[in-house]
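Look for subunit A in each of the two complexes below; its partner is subunit B in the first and subunit C in the second.
Up next, the complex of A and B:
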């Protein structure tokens, strides 16, 4: 990596999983946020939802910059992936681990993006619950396995930059060691 | 502000008027600011869920760009290709609740499309007030 290079990472996941929060925590420029007030039942859970994309940047010093993109959570915005897909280095899939519907949320995200992210290094991050039940971890692993996808699963608080940075360490480790997401070799689980 | 059945009908009428009065307009729709369809009127191409989502994205990005360049409030976003035009705008007075999207042929006169879209937006604004 050299100082002038930039690396593009994408955050996806169900509405409310914490994609916008991640980018706000990580960015060292004022992030682009395209949130509007919710007009449907999501308003019971949170006030705002992203309708275009979030964008932030994180300097890696002389190793370059990370360009951080966050997509809307609802699958009606799936088209936005095609806007940001060029030159993606990796994908972070966020899960709302405090929700009783967390696995449904992950399933919906994987169904919408599976074909697009299958070829990319990917990390699954469980947010909003520092101690997710083992059933949730196993459920996430099963959903990945069903699709023949390999991705480490870790627990990270989207509001804490230092926890999020660990995801990048993992992603870069996967990239540098040539983990091939097409050949399942069993999931690594960090938590 | 309440979106009643009567206001939905008045909104549909406003879209019908736009399609009837402005040559070259082939479709028009109202969507919620978070990308769900509300009412649509189509003369040609189908204009459903994806357009509602795209319209809300365009309005949000337009507003973001104007914020960055201190460009004031958004009037409309225009997407123009050699095969057609697409205009989106936020409905005034709706507290940003609704956006309007208008699709027109490439030979439609831009000034007319924008003018009729604005008139329609005001009619919608009155219908949901």
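Up next, the complex of A and C:
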């Protein structure tokens, strides 16, 4: 493993799910943020929204860099996934648990990124300060189950670094243990 | 199992094992090394071993074993005293054995390391996670590791143990809980238990190293 290698992690979610906040918390460079002022009905929820992707980096010293990408969950932005898919290690799906449309947003994200979520190590994080309603947790679990997707669902406040660390702990547990043993050496295949 | 002093490196010698079995043992030690609580290696010629593995199919245990703890292994371990391991050596038994030795030498309860090998009639199952239950967020991280390992690749308890370093009895507890919740499916594997052990899974050290590095930076080092 050389210092020039880079690996990618992807945050996906609806507007307001917390992608930008996560990347800002973890990146050790000034993150690239493609936020613009909202001009549609989204303006009622938040002032700015991401229109391309967020980008940050975490230096791993002699083991390279971890590139952090944030992509919108809406299907119309799905094409951008092809830009980041090479060397992608895992996905964190963010859900704005405070939104009344949280399940609709998750449904769209799961459908738009179905193959990536199925194939890659993945964690679903309900971004909320405090305990979300149990109906939301059950709804998220049902959406995953209906699609045959297996991923842990956890509650985290994206503004709190220790909660992001917990997300990463779980995700890297899956990265570490998710390689198919039948895969030829050097060619990791995620399932 | 005899409690032994706690050497810096646990040295293992073999008695009556074929060269290829010793070579396989050396490879297994390499594979499970990162899961062991202390370094374990094969003793070089002339070095006093801490553990002596004896092939009971061809040799009785030698009379003078010094301070080494003797562990028998056999193609048919049920025909020998309790604690006899399978021959060829299986990764999960070796992992449990060596973890147990270190635990015993540190005063921990006697481990289940050299527990009797599974019955030849016992079915071997591969498990695959169907859903990651919401209750799991309150479970111990070792169970998360087990679940991570079978998230999409079906694996036996032995394979999970080699991949994660989690003891087989802990894996079985986790699987029992997942079965209660209907969160796991299983398929039967045809393994003749007296034949050669299945090839242990390849533990990809690249991802382990990467995880360790990210953990050091963010603070979740395991």
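Operating definition for what follows: the second predicted complex is superposed on the first by the 162 of 191 C-alpha atoms of A that agree within 3 Å, B and C clash if a C-alpha of one lies under 4 Å from a C-alpha of the other, contacts with A are read in each partner's own complex, and residues count from 1 in each chain.
Here is the rule we go by: a contact is a pair of C-beta atoms (placed from the backbone, for glycine too) under 8 Å apart; a residue touches a chain by one contact, two chains touch by 3 or more.
Note that the structure is a prediction, hence the values are computed from the model and not measured.
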{"item": "Which of subunit B and subunit C A:74 touches, first, second, both or neither", "value": "first"}
{"item": "Touched partner set for A:63, first subunit B, second subunit C, both or neither", "value": "second"}
{"item": "Partner chain in contact with A:32 - subunit B first, subunit C second, else both or neither", "value": "first"}
{"item": "Larger contact residue set on subunit A - subunit B or subunit C", "value": "C"}
{"item": "Contacts of A:91 with subunit B and subunit C, given as first, second, both or neither", "value": "neither"}
{"item": "Subunit B versus subunit C as contact partner of A:178, first or second or both or neither", "value": "second"}
{"item": "Partner chain in contact with A:150 - subunit B first, subunit C second, else both or neither", "value": "second"}
{"item": "Overlapping contact positions on subunit A, where the subunit C interface meets the subunit B interface", "value": "none"}
{"item": "Residue ranges of subunit A touching subunit B (in the complex, touch as defined)", "value": "32-34, 36-40, 42, 49, 51-52, 72, 74, 76-77, 79-80"}
{"item": "Touching residues (chain side subunit B, partner subunit A) in the complex", "value": "32-36, 49-50, 52-54, 56-58, 60-61, 64, 96-97"}
{"item": "List of subunit C residues in touch with subunit A within their complex", "value": "129-134, 136-137, 141, 144-145, 147-149, 151-153, 159, 163-164, 201-202, 204, 206-211, 213-215, 217-220"}
{"item": "Footprint of subunit C on subunit A - complex, ascending", "value": "1, 7, 26, 58, 60-61, 63, 66, 121, 137-138, 141, 144-145, 150-155, 162, 164-166, 168-170, 172-181, 185, 188, 190-191"}
